[in-house]
Amino acid sequence: MPVAPLPPLDRLDAARAVLAAKKRLGLHWDKIAETVGRSLEWSTSALLGQQPLSREQAEAVGSLLDLDDDVVDALTLPPVRGESAVDMTDPLVYRLKEMVQVYGATISELAREEFGDGIVSAIDFELDFRRVEDPKGDRAVITLNGKFLPYRVW
Amino acid sequence: MPVAPLPPLDRLDAARAVLAAKKRLGLHWDKIAETVGRSLEWSTSALLGQQPLSREQAEAVGSLLDLDDDVVDALTLPPVRGESAVDMTDPLVYRLKEMVQVYGATISELAREEFGDGIVSAIDFELDFRRVEDPKGDRAVITLNGKFLPYRVW
Amino acid sequence: MPVAPLPPLDRLDAARAVLAAKKRLGLHWDKIAETVGRSLEWSTSALLGQQPLSREQAEAVGSLLDLDDDVVDALTLPPVRGESAVDMTDPLVYRLKEMVQVYGATISELAREEFGDGIVSAIDFELDFRRVEDPKGDRAVITLNGKFLPYRVW
Amino acid sequence: MPVAPLPPLDRLDAARAVLAAKKRLGLHWDKIAETVGRSLEWSTSALLGQQPLSREQAEAVGSLLDLDDDVVDALTLPPVRGESAVDMTDPLVYRLKEMVQVYGATISELAREEFGDGIVSAIDFELDFRRVEDPKGDRAVITLNGKFLPYRVW
Amino acid sequence: MPVAPLPPLDRLDAARAVLAAKKRLGLHWDKIAETVGRSLEWSTSALLGQQPLSREQAEAVGSLLDLDDDVVDALTLPPVRGESAVDMTDPLVYRLKEMVQVYGATISELAREEFGDGIVSAIDFELDFRRVEDPKGDRAVITLNGKFLPYRVW
Amino acid sequence: MPVAPLPPLDRLDAARAVLAAKKRLGLHWDKIAETVGRSLEWSTSALLGQQPLSREQAEAVGSLLDLDDDVVDALTLPPVRGESAVDMTDPLVYRLKEMVQVYGATISELAREEFGDGIVSAIDFELDFRRVEDPKGDRAVITLNGKFLPYRVW
Amino acid sequence: MPVAPLPPLDRLDAARAVLAAKKRLGLHWDKIAETVGRSLEWSTSALLGQQPLSREQAEAVGSLLDLDDDVVDALTLPPVRGESAVDMTDPLVYRLKEMVQVYGATISELAREEFGDGIVSAIDFELDFRRVEDPKGDRAVITLNGKFLPYRVW
Amino acid sequence: MPVAPLPPLDRLDAARAVLAAKKRLGLHWDKIAETVGRSLEWSTSALLGQQPLSREQAEAVGSLLDLDDDVVDALTLPPVRGESAVDMTDPLVYRLKEMVQVYGATISELAREEFGDGIVSAIDFELDFRRVEDPKGDRAVITLNGKFLPYRVW
Amino acid sequence: MPVAPLPPLDRLDAARAVLAAKKRLGLHWDKIAETVGRSLEWSTSALLGQQPLSREQAEAVGSLLDLDDDVVDALTLPPVRGESAVDMTDPLVYRLKEMVQVYGATISELAREEFGDGIVSAIDFELDFRRVEDPKGDRAVITLNGKFLPYRVW
Amino acid sequence: MPVAPLPPLDRLDAARAVLAAKKRLGLHWDKIAETVGRSLEWSTSALLGQQPLSREQAEAVGSLLDLDDDVVDALTLPPVRGESAVDMTDPLVYRLKEMVQVYGATISELAREEFGDGIVSAIDFELDFRRVEDPKGDRAVITLNGKFLPYRVW
């Protein structure tokens, strides 16, 4: 019976290596984003595995974080955006899903009134995450910015 | 075998009646929100069934939309915020869920770096929906604004 | 083709009638519990359909809330305690489930250390719900009190 | 085909190592909690993987339990609180879930009457587990203590 | 648009009518079983919808319980034995399922040792339910008696 | 990237080792049960991983079956009784589940008539498995013997 | 609020009416098949709703079984062949599914050896059901006869 | 942290080794069946893991296919017949399942008319698979031959 | 207990009425499409409930098909495009899903090579369905024509 | 406890090796397809694991891509076309599934009108993928070309 080698690193393995190096070096995501040359949110998403990185971007992050070559290689693999990208039952993520559950009908209705028949793109899309100070407790303000796409009629 | 009456209207029945009346009268959600005395988003969410309405609010909307008394009564029932509140497989809503799927790990990571161990509240929460003009196609900008809640340590 | 009568009221129909009457009359659960002759929690659970009521208890509540006879009859049906008893995706209930998800392993481990091999009964069980004032925001304190049942060894 | 190293230890691996060492040394959770500097329940939850530990706390437990360095490192990883945190079909845990199934509607109803529209926090939350002696069989008393959070209206 | 009659009664409707009549008349299952001419367990199962009843048996029960003709007709329909036959999340039924979950591997192993490769029939099967008095609390003794069926080899 | 050791044996690994040794030595479960000092059914269940074994019991079985020390250690781990304990789609186990599906409503109804409101314990529970000779084909008689537990009323 | 008529009969309603009439008249499926002008198996499948019937066929069966006009109309609707066509948890049907579960890999392997890469059609398909006498107990012999379809290569 | 050995081969590993050897040696299933001493279908099913093999049968196949000793050992393990036995979403297997979905109600109805209340055994069962030549395309004829088992009445 | 009216017709009710009228009048979809003023595919999809219809379009179809006013009203409701739009287990639809299952990875890979990182729009999308004659059996050629949308980078 | 070798490479492992080599060498799929001697779409599907490859084809690709012998061996294994063939939650693939969800009823209806009762084959099937230039954004045109198969009537 032939014996196979272990599989090569994938994007989620690379993400774990990035997180470990980031912690060891005490770096912040904005420093990594600066190295990637993109926004904080896109860069974080890319290093967690959900956006494609060019070889140049991967190598720049590899230098910054002192990553092994096989981790750098893995960073250039295609992104993973399916259910394995996140644990939907994690309490923080679940609350985002619950916001969609509770307010999804409202967003549908307001979009239909404002734009007509269509959807808000998750592809031509930008995410913004920021902290807003508030005396009653600081707030996270997450902005979902997507192009409205009308259904084609033919 | 005894025969039972049909069940009374529930919040989702009331929502259907509101939508039908709104269409018949050609009203917009901002006019309804003005009558409710709350924001556009909260008011829409309330009339779709996901927020509680006081009797005064229900009756004001009832007058505006010329609703039957049993619909007004149903509007004062407790809100429904479970899975029946929305069809998660509707294309517009699905894209919101996909945004959570693809970017949930990023939001978790940025929240952990910025705030520490906790979640973004879906309860002490405000939704904002607006249209932003863009020459390449107008955009829907959805803002999720929730208080950060740190895990209690004891 | 023969035509069948509509089905008689069930326990969940009766619960809806109780809630409507309670609202109409402006009563509180402790008044109803007093009429039932049991604790606040057990009585609420019974009228929502999860505990059995004797004919005497059903009739006493029927008098208090001015319920139809068919509702009183339905209150004496066997309790419903399966998944139809509650919407697990309702935000309040979901958080209770999440407490079990996050702390279930801890409770298992502490129970094993303290009592040995067994379970905490959900049958020989008492629920207590109370409000505790707190200057940072009042708290709900929910006490789950179950007999420890050791696994039988034979 | 490149060969990858095995993945580093995660929080659940660390939990298994803690349980093995605790057993080998014959220690109790209250001794470990004392070393962590937190309550019995929080400390147990943390070592099982559901709360974050500082490096100081991880190292103190590492000394007490004579853990390998890689286990100590793994103890400082972010907590895991999703479905992998517990087996919901384990008989002890299932009964906790069944308590939510059977009494969830009651807790919702009592919370609505007492506090209004909102939820009981699973984040600003304390767990208490204790044994209460009873001549008919000792009881486990599990207290879920969460801040009530009213829905924001805007 | 043509209007259809309501559907005729099915076996589960008939079961509800039987239970209501049994309660109204204060009868016990052994009296009904005597009328059916079969064991207590089989007769109960048949009237709940899981066994076929001849017209003679249905009419005899109809006389005993003063059932409407359409209920008697429905009692002669084919039995329903799929998932609609029972709520698997009902606490009593769930514990039976848990017994299968916890002890299923043991029963498989003992059956394999004792009989060889095969199964225990759920068709050539008898159920016995009885109460056994016990000073520490009476017990329910449920006997599952099935023919062993060896796998055919060809 | 640090490299982790393979995980230690768990209860299901130990069960596989026990089955292999039992087969190699040609032993029967009653011989193993005698060594454990418990009934045939409990002992089989324990060695398959669903009951706790003391170190003395684990070592006695280890001697009888000539097991490695790490298997003996694994036998002293806490039992596993969740869904991983058994394959519910295995034909033999499925028929047990089908018995619950088909006869669960009957057992509920007979228990309610005989005992009142409660459940049959799966914890204070004994299993008996035996072969009964029958000229038409021998039968497996499986006895589920559980204490009846009435719902607590408070 | 406008009031809608009840929905017209569908194919499953028509099937129930056919079964009731067949029972009332004491007819057998082969007599009905003769009227339809097709095989026993196809005709039964058609009247249960899984094959299309021409108006002539529907009217011929309507005459034979003395069906109402709306039932005859419903018999000409398109067939229903999705999951609503059958209860897969019914014990008889489940065993058919289990045959696929247990022997599906064998059938795949033999088909691959005999025919190459492809599937056995469920569309260009004939079913045969017959009773074969056997002194040890009569047998049901079900023949699945499907055209082998090779995967197209292009 | 102790390090465990890799688990021994199971029936599905053995099946993979058999398939690889069969391909390498260019053998057909009928040659293997001859060595096993059973029919083509049973033998294939056994070597794929769904039937038990005696040591003699396993060794005979081991000689024929030049299998390692650990593969021969694995062939004598108990069969696996649960969901892991097959991929139900494989296109060939799915069509078999669809045949059950579409024709299951028909088979139930014809069996009830022909035999009365019972099931067709999947245990006292024989599978036959053969190719039938047809000018319009050869056909696979799969025969499911099971003993009819009437429900026991007691 | 107040009695509610039956709910108004929804889009799927309207679709059933359209299909019934189309059959009664012996019309084809291209005639209906001509009345709608759109392509065959879009018009069919709209009348089945998955596209929005203007009042003018609904009334034109109402005239053509002699529909009741309440059906015409229902045709102007928002489209339904969630899982209720289709039975995914219907054999014809299932094969479309299987095409996605089997060829989805291929389409992803070819799209990535040809276009880069993005998706094929299901919104800016046209469906074409046509019959292509073929001496070996006519073919259905279904063309999915969607705009490629690149992921936004920011 | 015997130690087993790691399992041999499967088709999905081989696909990963092909993708890595293709990237390393900077080749395009049309070059690989030319080597395979089939269309672009079929060849891509084959190398991703969903079509069978002859030894000659596997070796030709092995030479082109400089693959290890065990990868070439794995390419000759039977294809994998079940759910493991693709991640249905990947955004690109999900949109294909959504097209089936939204337009499946339309395709069914048009196929029934055009061809009668049957299905569009996913086996006698060709996929075509091409880019079509468009000034408003290039489009992906995916053609599903399947033989129509009428249901057999017997």
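Per-chain numbering from 1; labels A, B, C, D, E, F, G, H, I and J assigned in written order.
Quick note on the criterion: contacts are C-beta pairs under 8 Å (C-beta built on N, C-alpha and C of every residue); 3 or more make two chains touch, one makes a residue touch a chain.
Since the model is a prediction, treat every value here as computed from it, not as a measurement.
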Joint neighbours of subunit J and subunit I, given as chain labels: A, B, G, H
Equivalent interface to I-J, taken from A-D, B-C or A-B so that over half of the residue contact pairs match: A-B
Averaged-CA centre spacing for the pair subunit G and subunit B, given as whole angstrom: 45
Subunit F and subunit I, separation of their C-alpha mean positions in angstrom: 53
Separation of subunit E from subunit F, taking each centre as the mean of its C-alpha atoms, in whole Å: 26
Per-residue overlap in subunit B, given as positions that touch at least 2 other chains: 1, 6-8, 20, 41, 81-83, 88-91, 98, 101-102, 118-119, 121-125, 149
Subunit C partner contacts - residues on subunit A that touch it in the complex: 89, 91, 94, 98, 101-102
Residue numbers on subunit G that touch subunit H, as the complex places them: 19, 28-29, 40-41, 44-45, 48-50, 81-83, 85-86, 88, 90-93, 95-111, 113-115, 118-122, 124-125, 127, 129, 131-132, 134, 136-149
Subunit H-facing residues of subunit J, complex: 1-4, 6-8, 81-84, 122-123
Footprint of subunit D on subunit A - complex, ascending: 5-9, 13, 16, 20, 70, 73, 87-91
Parts of subunit I lying in touch with subunit A, wherever the complex brings them together: 38-39, 41-42, 51-52, 78-79, 112, 117-119, 121, 123-126, 149-154
